[in-house]
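Here it is: the structure, laid out below.
When the chains are written out, they are named A, B, C and D in that same order, and each has its own residue count from 1.
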Amino acid sequence: MDYTRKVFYYETDQMGIVHHSNFIRWFEEARIGYLSSIGYSYNEIEQLGLISPVLSVNCEYISMVRFGDTVNVNIKLTSFKYVKFTFDYVVTDVKTKDVRAKGSTSHCFLNKQGRPANLKKDYPQIYDIMMQAASDKE
Amino acid sequence: MDYTRKVFYYETDQMGIVHHSNFIRWFEEARIGYLSSIGYSYNEIEQLGLISPVLSVNCEYISMVRFGDTVNVNIKLTSFKYVKFTFDYVVTDVKTKDVRAKGSTSHCFLNKQGRPANLKKDYPQIYDIMMQAASDKE
Amino acid sequence: MDYTRKVFYYETDQMGIVHHSNFIRWFEEARIGYLSSIGYSYNEIEQLGLISPVLSVNCEYISMVRFGDTVNVNIKLTSFKYVKFTFDYVVTDVKTKDVRAKGSTSHCFLNKQGRPANLKKDYPQIYDIMMQAASDKE
Amino acid sequence: MDYTRKVFYYETDQMGIVHHSNFIRWFEEARIGYLSSIGYSYNEIEQLGLISPVLSVNCEYISMVRFGDTVNVNIKLTSFKYVKFTFDYVVTDVKTKDVRAKGSTSHCFLNKQGRPANLKKDYPQIYDIMMQAASDKE
């Protein structure tokens, strides 16, 4: 899926480029849009008492993004197993199509007690949505 | 009370100065330090089911702050009445003593139901701490 | 002019609402969109050697904004005189039309030397754009 | 080297924990402190016309950090070769000593033209500082 947005002025730093930490936030924006598109509302999930913390992030910065640019974040759900799922991201410039960054994040589902949630048993609807999305990628 | 801290690189923008929104965050840092110093732990308050949202902020930017600078935020509790309280802030450069900004914020106490909390009746300990602090200012 | 956007997850805080500092950033997003719409490109201005720092901000928070909400920022250029200009902002919820916040910001134009720029003489094109926009408001 | 600091309220999100993107910013805070401690002033470097963009970041989140916590970021320069250098980070809770996160970043030096800088030839002083620091780690 593609998520497109303009760079905000406050995302730049004195190097005159977007501060690298903001890419991690763009990943989240794209991810929440993606989850919403497959029928997984982040707010509903949290209301069910589930949280899905980030287990890891990584990002390789390939070329600089500046204020005035519009970027596209292409996001793919690359795996979903039990309570863990991972995404890949490619950030490109909308105009030039140049790749700006590549990254990935991994996540899990925890219940209110902070323990890994048995999605298949306790939250079959979310399990099905995620399984479907993970198989759609191929 | 005085709260001192260095400017972080990621707080700058492409103008080469600290982005103005960060002063609002510095006010909060100073405020939480102040409240902690008078015996008011923000976490304990929230555990009691009280929240204290911000009702208003204002900030006048007098001179620019840059990466490499260390700033001092002088904070004063200027009033406390029933459920509402206000602070004044003066941001100065630690080295030059130049005033960088002046601001103020106002806040209230709400209970779990989102209604103004009767501090004097239901949270006398917090009420006493705030009354004491407000009278200390003179 | 209206600027609409979704709330980002990372804009929330542990109170479960959007952190108040982010409204100041939304004002900037709306402002840059507005300036762009009247033919004033922020990047071109900076390339001319002009900067327009923020002189003051204020914001009154009326009701809480949460993740899942979409907000509209209505922005008006309320005055433009010599080197100084001011904006008013009203943030509303797109669905309920409830007012979430009201604010204003003031700005000036400085040249490379950090001195107030004589727009009318040295940058007549920007001067005309701003004068036109300021008169359009009525 | 160790860099210690309190968690700021605005760094939390509605999950009630520090938003994961902030760890990337803490890495930068620690890194700039480290570079300063070995005699490398970030501002001076930029005034020489050198920039050192981030090439990659990664972070593994091991346990949650909450408002009220104080964290320590242990930073190590793990390599320096020609124009590229890398750091490792371990974030621990100051009180419990629990590991909160582990990460790394890589960086390079670019000159004003955006090309890799020949540090040894053109900036021998910085080259020597970095070489010394990289050898000190053993």
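One rule holds for everything that comes next: a contact is a pair of C-beta atoms (placed from the backbone, for glycine too) under 8 Å apart; a residue touches a chain by one contact, two chains touch by 3 or more.
The structure displayed is predicted, hence computed values, not measured ones.
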Chain whose average C-alpha position is farthest from chain B's own: A
A-B against A-D, pair bridged by the larger set of C-beta contacts: A-D
Size of the rotation, in steps of 5 degrees, that lays the CA trace of chain A over chain C: 180
Distance from the mean Cα position of chain D to that of chain B, given in whole angstrom: 29
Intercentroid distance (Cα basis), chain B paired with chain A, Å: 33
Computed distance of Cα centres, chain D from chain A, in Å: 24
For chain C, residues contacting two or more additional chains: 9-10, 14-15, 17, 21, 25, 28, 67
Interfacial residue positions of chain C with respect to chain A in the complex: 8-10, 25, 28-29, 32, 41-43, 67-68
In the complex, chain B residues that touch chain A: 9-10, 12-17, 19, 21, 67
Of all residues in chain B, those that touch chain C in their complex: 14-15, 17, 20-22, 24-25, 28, 46, 51, 53-61, 64
